[in-house]
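Two complexes follow with chain A in common, the first pairing it with chain B and the second with chain C.
Up next is the complex of A and B:
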């Protein structure tokens, strides 16, 4: 036994064990998030539950637990939690049913799930389709495929509506707002210039005329959208007429095979990744949040890299190593340990109210009192995160610089290069892999931060992306959505906590995925650089 | 109830049944008052809607914005909801145009606003919320009086309760529940719900230190869903299938009433309140078109329908027409 300790085998075992525990924990976490999130999008079979009191529900099984007695101890009877949908009829999407109360349960092949633009899913049967005044009964074997075709048409119209709303009308509104600000600017500066004023007003009139034509187009499209209707019957026999324009997707889970389901799953997943959120974020997709997260990290990287590298270069290459530099170094290290919310508070006070306020009072006077830069925005959030992560980059870069062998520098100097040339052409390229390591760490930390963002520019809903087709294309003052905050919002603020729960896990899964993708990109670049500068010791 | 005849107690039973069914069906039978005008589109509305304030109204604001944006495709909405107390500072600083609040502004907040603006902010009631006391779905409690609620949540029982209640036995449950401790959930102090509940259910007393303060209304409901012995308060809009909203009685004699529209409007349910939208409106001046139209939209059939969608209660027509005059909509 004593030999085992002396030889050091035991330590190897212990560290192996520790590694295993870590891996199991990471794997477990990913597994939990993936199953809870990814699993929820699978088109589960839909059961018809007939209860002893005569009521009936069409629902998807979501949970099963044993009924707790009065003492809270689980009994032998079970109850199930069903997603019954039809929020406009039942009030809640979910319902607990004691299995003892269920008289019969079957899986009708013609049960339909409609994903709607409003009020969540609808579960029921297709009674008839009203297409151009012509009625197709639900018993017609072709009825469902007709319905699918019509929904596809409606979705196409939807896309055209969106295009007009975001494109044409967006341009018009943007133009009007600009002219209006110009008018207001004249008033603010106290300039009296009737010619200019008339010009601006004329332009606004022009835009308004264009708006009228776009609006007429929209109205025609909306009328077309709501022309066809589906008449549905719920499990309880309630009839409901739903215009096809209000339906996103329809499927009959009970009559779908595995392959069909998988196809539907992919479609749904793509919708989640690429769509805008609906219904106070509890439905639809999370595209603006993904976009906001990635853009914020990119802006942060662009800011943090030069600052971090220059600081590290100065500390390592130029500054005289002494007490002062050591103090600075300690400070930088400590900065890395400051809680992120403290940076957030600093960001609010310094960037938003300080710099933002000055920018507004100088450049955006005509828009006041509504602030342009004096409020949270993607620029301020990115800068706050840059401050938060700059110590990481400095420390990593310094390590990299320290590891560049002395003989390489001396070789360069001996060939007649100046100190700057040596640093720029020899030292930095050799240290690049280490610098990128710093960036990877910084990105990983920044992507996961939520607290400082909440007060510097992240909001619950901002479907307008910070990048669009209007000059100057990148709108740094805009507020944005962020995946981390989205998780918090869905988890703790959602009006429909049960429906939002799977989305919490999906969003968490995507957040991890994005961190992984960003990191892998950086790692691939780093490995290439390593090969290129093979002398590097790092 | 001993002296009631068999017949009358049957009648009482029928009434109770009707009430309970009314409540069960409550969420779906609530309808917008047909006298409320429908919203019609006007031209020349564009710009940003910035809203900072109540967490309770966060989703409501989001729904309204989504609906409003359907009329005016490029109106942009930015909504922040971290508690009613964050609304006045943002309105004062001009960083928001709307301050949703789940309570009235305190006089201190009004003063601070007046000092900067020179006039008082305008409060527009937008909808009605019933603050519900939730218990776990397996909890057999049906009804509590305000005194009991106070004794559960408060350490100094200003509403006049005799003794502290910290087990379900003391709250009136028998059997196995009698010995179970009550686990209490609440909101953080930035929340208007926190302030309103303190004022109305605690008679301005102090919360117990054991109240688990949650960062959002939905978090309270989720806590109680997982905690068999939990009790907490949140807006009725946050109800899920995992919890039960119990009936409340103003006093033991007055009888129990659930958080339905009828009971709230009739003043029978003790924890009904308005949800406000505060705006910075100069007296005798009309609002800019964006803000005016948004308020008109909220005070319309479509806007009030959204109130129901989010689980809250719509305003009666008389109140709406009074408010439309207040905000300057003809």
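Up next is the complex of A and C:
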């Protein structure tokens, strides 16, 4: 039908189709990540699978797939993947079982899932609780709620331990390190000052004394933590004694109603978002990664905005438009296409070794040879990302400036404003929405970037956040965790990749969520500004 | 618009229009017409865009507290001449000016003249209304803020006084903090007038202020011009001869960068000295 082509209908259909394919792809990806990630946290029922060979497992069904042709022995057509937990007993968290091998399956109401600080989940039955030397049998109807209460107590003790370790002992370490550096500083400067030296040493002694008391406190707490125990029985009949201090949470999925499960889910989700990671990142939460990502993006934004805007202002408003400016503009555009790892390498060479090295040799001489700023840190990672995203901001800002109508500038100049006043009071406000568009693009790119971060300051586990109670509170030289790198680390560097898989999806989900939240914030601000500074006349 | 002007002028350079030869090129500069109490004096003013001459040896005196209109066909240099008075042509890279303009007896081209100061004394209203993307209040207060006035009460007074002068106060006094972009075209133009007179200039330049407005809005602006001439010296560029006849006291007819005739409006429209002027004002061409 030639007419259809001529009228352009066909092209409209083709573009519509292409758009739809893209949307479906994006939607599918989000759906996959959300279901795989969010679904894994649901407290699924736990089944007791008794096999024909006499062994038995308590496990949560995670996958079911057909085995074409069977394995020739059982003749089964499907096999299931169970999360059986008990890594300390079985060696693996997951087990594939042919459905034909299953003799019987039921859902015992008293099956317990323990989330532990070590070794992952434990699936089994409660045999007895040993509380202060007193034994409560698992058959006691109150036994499970007693267990929950004891776990809550244990968690409180845990918090106190953490507080002492991070608070008191952290302070002590900080103090000792400071005195040690002062001592070393004397030596570096070649000063001979026995009085001062003695003073510093005395202070270190003092700190060491304080450390002893804190340590004693800790020991007492640990003893209390491990005083009570739960004796567990696995599906195969193995008995295991677990100190309650090692348990994070306990639940009996088979006897929970939907509401109870939902409550548990929320609790677990909150734990995931707000806790530190455990067990080589495969368990626990990802709070430091979320924090690191957001802080890094904020620092990057603070750095990239003024630089990008000033550069664009110069290019568009002040520089004489000619060959030179055109070349610079092309270069800026090309800079946006340089592979990010190249920026990373530049960051290492320029920021870490160059500027960081100079800062260390001037301000942190005492600490050398261990580097302070001369190594990866959140500041250098942010600056590297700022370099990476500055072309985006420049291009967007320039477009915004070019779109400010000439007669508005003339209106300001005709009122006796200088060029600077005109730029500052009229042109920039009018271009702000476009500038924010640039920031949105920059943030979206920076949040998802991993390669340059891996070499400029991201680590797989950073126990200390870049913010704490010690002066100057914001420690820009510290290494940090990042969601993007966390995904890579969990999925591809983890010793227990299978167990980490849900975490990978969850982390990806949160990363996308953060990008979306940051973008929506910027978009809301932009729309407000657009309303305020609408430039179209009438 | 600015850079387009010399091009238009080129297109218009016809040897003869309706049997009227363009003003002779190599004539002696006319002596400026004597007007009572001149505020602005233009002497032998020529302006070049690159090598193209846009204004040729202009001589004129603009009377104080009167309305002077520039009429003439498109591209004849009306706007260019107007923009000389506040040196807005300085923004154009290859623009060169010869001759002299003085306001109150002081040259505006002297090197010791502060250009921002000059522009505070010579306000301007543009063809297309150009309110800043700010609130109505901030638009009017802009000049005062530039001048360094920070006190809220002073600014409030300035805003109210000038919105009243521009006959806009009654329409906007309940929404001073709304965006100026929400106003109608005529309101925007009156806002621009309020903004310009808020600086208390000596001279107010108006570059076809009504060309984008409907008749009702135009009538409002014209009333305003008549009102404002008690306080300001107004120079208005217009395409609309009726408008010039209605609002102005003096009229200059310009043609291809030259002033053909400059006299009282009555004389230009009723009894012009030159045939060329008569042809234009009677609508034979243009």
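Definition applied: the second predicted complex is superposed on the first by the 525 of 538 C-alpha atoms of A that agree within 3 Å, B and C clash if a C-alpha of one lies under 4 Å from a C-alpha of the other, contacts with A are read in each partner's own complex, and residues count from 1 in each chain.
Criterion: a residue touches a chain if its C-beta (ideal position, glycine included) is under 8 Å from a C-beta of that chain, and two chains touch if they have at least 3 such contacts.
What you see is a predicted model, and the numbers here were worked out from it, not measured in a lab.
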Clash-or-fit label for the pair chain B, chain C on chain A: fit
First (chain B), second (chain C), both or neither touched by A:141: neither
Which superposed partner A:472 touches (first chain B, second chain C, both, neither): neither
Which superposed partner A:370 touches (first chain B, second chain C, both, neither): first
Which of chain B and chain C A:237 touches, first, second, both or neither: neither
Which of chain B and chain C A:8 touches, first, second, both or neither: neither
Partner chain(s) touched by A:133 [first = chain B, second = chain C, both, neither]: neither
First, second, both or neither for A:190, with chain B first and chain C second: neither
Larger contact residue set on chain A - chain B or chain C: B
Which superposed partner A:418 touches (first chain B, second chain C, both, neither): second
Superposed arrangement, angle subtended at the Cα centre of chain A by chain B and chain C, nearest 10 degrees: 140
Shortest CA-CA distance in Å separating chain B from chain C in the superposed model: 51
Complex contact set, residues of chain B against chain A: 26-28, 43-44, 46-48, 50, 55, 58-59, 62-63, 65-66, 73-82, 94-95, 97, 137-138, 140, 175-177, 180, 214-219, 221-222, 225, 228-229, 237-242, 309-311
Footprint of chain B on chain A - complex, ascending: 67-72, 81, 88-92, 94-96, 118-119, 164-166, 169-170, 172-174, 176-177, 208, 211-212, 218, 278-281, 368-371, 374-375, 454, 459-462, 464, 479, 491-498
List of chain A residues in touch with chain C within their complex: 405, 407-408, 410-418, 421, 425-426, 429-430, 531-538
Interface residues, chain C side, partner chain A - complex: 86, 88, 91, 116-120, 123-124, 126, 128-134, 142-143, 145-147, 179, 181, 184-185, 188, 192, 195-196, 199
